[in-house]
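In order of appearance the chains are A, B and C, and numbering begins at 1 in each one.
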Amino acid sequence: MQRSSTRFLAVLAVGALFVGACGDDKKDTADTTADTTADTTADTTADTTADTSADTTVPAPTSWAVNTDDCIDPDAANALIEGTIQIGAVFPLTGESAADEAFAPVKDGWLAYMDYANENGLLGDLQIEASVEDDQYSKDLTPGAVSTLLDAGVDVFSGILGTPNNLAVRDTLNEECVPQLNNLTGAPEWGDVANYPWTTGERVPYDIEAKVYAEQIAQQFPEGATVALFSVNSDFGQIYVDAFKELADEFGLEIVDEQTVEATDGAPPVSQITSIASKAPQVVIGIPIGIGCVTFLNELASAKAQNAGWEPVTYISNTCAASSLILAAAGANADGVLTSNNLLDVKDPANADVPAVAEFLAYMDALGKADTVATAAAGWHVAEVTVAIIKQAMESPEGVTRASIINAARNFTYTPAFARPGVVFKSIGEEDPFLAESLQVVEYDADTATFTAIGDVITTFES
Amino acid sequence: MELFLQRLVDGLSEGSVYALIALGIVIIYRGTGHLNFAQGEMALFSTYVVYQFGEWGIPIGIAVVMGMAVGFLLGAVTEVAIVRPISKKSPFAVFIVTIGLFQLLNWLDGAIWGGQQLPNTGVGSKQIRFPSLFPSKPTDFVTILGANIKIQSLGVIALVALLTVGLFAIFNHTRLGLAMRAVAANGESAKLVGIRTGRVLMASWGMAAAIGALGGVVFAGISTSVSLGLMFTVFIYGAAAATLGGFDSPGGAVIAGFSIGLIQNMAAGYAPEWVGQEMKVGVAFLVILGVLLFRPSGLFGTSRVERV
Amino acid sequence: MTKPLFSIKQGGPTSWAIRIACAVVLAYVVLWIPTSGSNSLIDTATTALTLMGAALSLNLLLGFTGQISLGHSAFFGVGAYTTAIFVTRWGWSPLKTLPIAFVVAFVVGALVSLPALRIKGVYLALVTLTLGVVFPQFIKWPKIEWLTGGSRGLVDTGFKFDKNNRTFEIFGWNPWGNLRGENVKPFYFWIAVMIVVIIYLICRGLVKSRVGRSLIAIRDNNTAAAVMGVNLALTKGMVFGLSAAMCALPGCLTAMKGTVTPDSALLTVAGSITFLIVMVIGGAGSLWGPIIGAIVFQFITEKTSNWIEPDEIPGIFRPIFSWSKTAPSGGIFALSLIALMFVAPLGLAGLWKRLIGRIVAVVPQPVGTATLGIPTWEVEEPPSATK
């Protein structure tokens, strides 16, 4: 691969200045790609902490920077964005969702924050022009939606929902060198910095979530535990199942039963739960989606009532808990179920005093969307992180360009407004491609419809 | 043993819904010789109507009866306004029209109550909570022979059994039933002896849709929700049941409905490696294919005379 | 019946002039879209072409032999998965998988046709419907997950270009330019065009040939055809296989775009129903029907997709659709399906022929050229009741 070394050095210097300007505690990192280290002088990947002492005064020598030589139009990727920045998103708008409540409110929250950012001048002179296209949650329609937005001149994508949907446009956006920021899915694929530098995920990767549960189970059952897995038969469920199988030995889990449910199946998982109950595992881990979460919890409650003495510890994926409506629909049957989150529950009255939450609620209330805040919060939050990334890019010496935005996204430390105490979003180039890797295990209380933290925030997986 | 008994009841209660859909298919087939691909969607529409009545504060028991009445009207109007005129053209046209109805009703549900129309995947569509006809708290179960059986399951099975008995009473002991049997046996002759075949056919469609409505409500109650994809797989299983029982045998449809529920549940439960939840629907496919290939009249139907 | 205003002799100069004019317009449009159209237009056109291919192949089966299939999504999926598997597991070039997919789907289709010999009409529709339902489940089956990738699907199933120099050469000639990012869209468009042309030519060749006539004989009267010396089983099996094989080709194209998952819409029964709608609206039993149908279908879907917000609905339609919580296209197609059966069972193509027939009469050549038509199933006697 041929590259211009002067340009590289320029990017390098810029990146270094930018780290210095930010003045945070970012570690030194080396660019791990072989070709870049060839040009640079000393830095190697391994021992990066060695010279951290220096970074208070001397700018760090390197931070990850995208290579725009591979872009179709490198100049466009490095062109200064002035006046307005167009941010695009693709959401299922037509009520297509896996939940009681459609995903449509995600869009409301997302757009609301973009307006909020404009009103409060968060990006200074730069005006945000936000546009949303509908893909009906079908991966076949996402490329078309993205095309429409690209035709309209969108500079950055943010919060595209769904793993297959993001996969379907990943190639295009990486070649066009348009940042595909904060995908609203936790697929491990978003960590492929070498091949897809322009794509980042916002949710905690599902396999990390699985690890968090496995660790929690190991703490609770130091002797090892029998575990049953119940999952939706889709790419989503499969990621968790594969992760748990891989983790089983390490954490002393014995998987005694695996059951699946079809996402299309209207019937409750009666026979699956009957089968799980017959094996009486100590832990049941449920990875259904949407209404499947409710029927799973209902059936499990019935099974527990019918099998006196069987009181399994129950985990459900935090996608189930993302909409508080789902757990509310399960009512008492969801009581005591364990899940995880890295953000505050905006519906919890205890959080109403948190300034960011209060501000969000007031804003949504003013829009007349007070009833869907739980789902809208996800959109608001993703938009907030996106704007923060752009702000950081703006403060970089080269100003806001598509390249500086993705550089900012990959060298980013930020505490989102809705973050649970202790949760920090952090990414360090290739070393740590995921923003969110900290999770708090929480227990659901059906009476108050709130979550109680169990133990501390698990940050071991955040590097 | 307890596990077996539990699976038995689970299978039967799922099968009862299939039986209801199969009954609807058979009643229409007996009268007109048409296979109604919209049977499941007609049921779904009525189920949404019942949900709407519930939203207006009508108790579920009354709402179900009203929903069945709406279903009856829907079926009757469909027969008179759409199916009857079209059936003079060609069976192909009738087939296309039932597919059109399938699409139309599914779209209408989405347009009125919200949700993405995708007939195959309930994944996407908006889910609406739906009350159960029977007590369905976790503690609502009885212990029979050591197995804990849900009251809801028993209630559903009993309801379907009751309905079947009622239907047979109608078929065998009322004038309408007699007329229906006459039309089923030979439409032309029935007309000659003065039976108003039009009315009978209208009543058949209405009845089928009303039974379907009950099936939809029962199923939505079990699932605790109603969504646009709810009745699709149920229709497949119902059609499998109608094929197995014989397209012209209501009794066969009920027995076959229960059997299909039982077979797929047992297969998924006892052969998790080979069938499991993924290939449950494969059972329905094999049943339909096998029956049509080797015994086209089904288990209880009368064999058709193939014209040479 | 009023006398037409004009009459044109088939094969005469006027007829040829019209044909050439049509061909020129068509060629212009096909060239204009990838060169001057926006990326989203190219996307839309590619989707329309995909549907066109599938509907054309379904039409061959239905228009010719009168066999209904609601399982063509499965054949479509066979194509998608054949390409995906050969590319990901054995590193084949995607274009080379087209013939493989054709053969695989042909075999699958021919196997399905075995029961179809015994099962007729609406029962066949039922069997194939279930086939369409089973297919995605089969793909997800843990027993064959090693091959199909299970419910996670397969990724990187498309073209693997050199990252820096993404060109696609045919015998050293590079007609495509640099295939990167959005630039790759015209490339897919051209593959779609190629697939549709192949399918159209196969269909056309069959219709106009002796085989075509024997097929129509089968459709119109099984017994008579057999008496005339048509091998029923063989011919039906061949057509079923061919129809399946052709339907697999547009399926391959979806895989060539990069990812395949068993739940994507066209691989499930929704796909089968879409193909059927496209075919019936355009005109079952007409060569041009599915082509018109696909264009109309895609146009309406595209235009009405944002009609959820009442403000987006243009003037006259607003009172009609503003109450609907979903996009109206599903309802529009369903209603037109029903309405067409009343007024024009042969779809838009049939309607066009009838209208144009009032103005222009085409005097056919004397040779007995075969025509497609609506399938006429033998009306089955309702079975006699028990007792």
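As a convention for this text, a residue touches a chain if its C-beta (ideal position, glycine included) is under 8 Å from a C-beta of that chain, and two chains touch if they have at least 3 such contacts.
Model, not experiment: these values are computed from the prediction.
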Inter-chain pair with the most contacting C-beta pairs: B-C
Longest centre-to-centre distance from chain B, chain (CA-based): A
Length of the line joining the C-alpha centres of chain A and chain C, rounded to whole Å: 39
Rounded Å distance, chain B centre to chain C centre (Cα mean): 32
Where chain A and chain B are represented by their mean Cα positions, the distance between them in whole Å: 43
In chain B, residues with contacts to at least two other chains: 110, 114-116, 118, 120-121, 123, 232-233, 276, 278
Residues of chain C touching at least two other chains: 137, 140, 263, 265, 325-326
Numbers and ranges of chain A residues touching at least 2 other chains: 94-95, 233, 262-263
Contacting residues of chain C [partner chain A, same complex]: 38-40, 42-44, 47, 137, 140, 150-153, 155, 163-164, 178, 180-185, 254, 257-259, 261, 263-266, 305-306, 308, 325-327
Touch list for chain C against partner chain B, complex: 66, 68, 115, 118-119, 121-123, 125-127, 129-131, 133-134, 137-138, 140-143, 223, 263, 265, 268-270, 273, 276-277, 280, 323-326, 328, 330-331, 333-335, 337-338, 341-342, 345, 374-387
Complex contact set, residues of chain B against chain C: 29-35, 37, 82, 85-86, 89-93, 95-97, 99-104, 106-108, 110-121, 123, 181, 184-187, 232-233, 236, 239-240, 243, 247-249, 273-274, 276, 278-282, 284-285, 288-289, 292-293, 296-297, 300-305, 307-308
Interface residues, chain A side, partner chain C - complex: 1, 70, 72, 93-95, 134, 138-140, 143-144, 147-148, 150-151, 164, 167-168, 171-172, 175-176, 189, 233-235, 237-239, 262-263
Chain B contact footprint on chain A (complex, rising order): 92, 94-100, 102, 136-137, 233, 259-272, 274-275, 278, 289-291, 294-295, 298, 301-302, 304-307, 329, 333
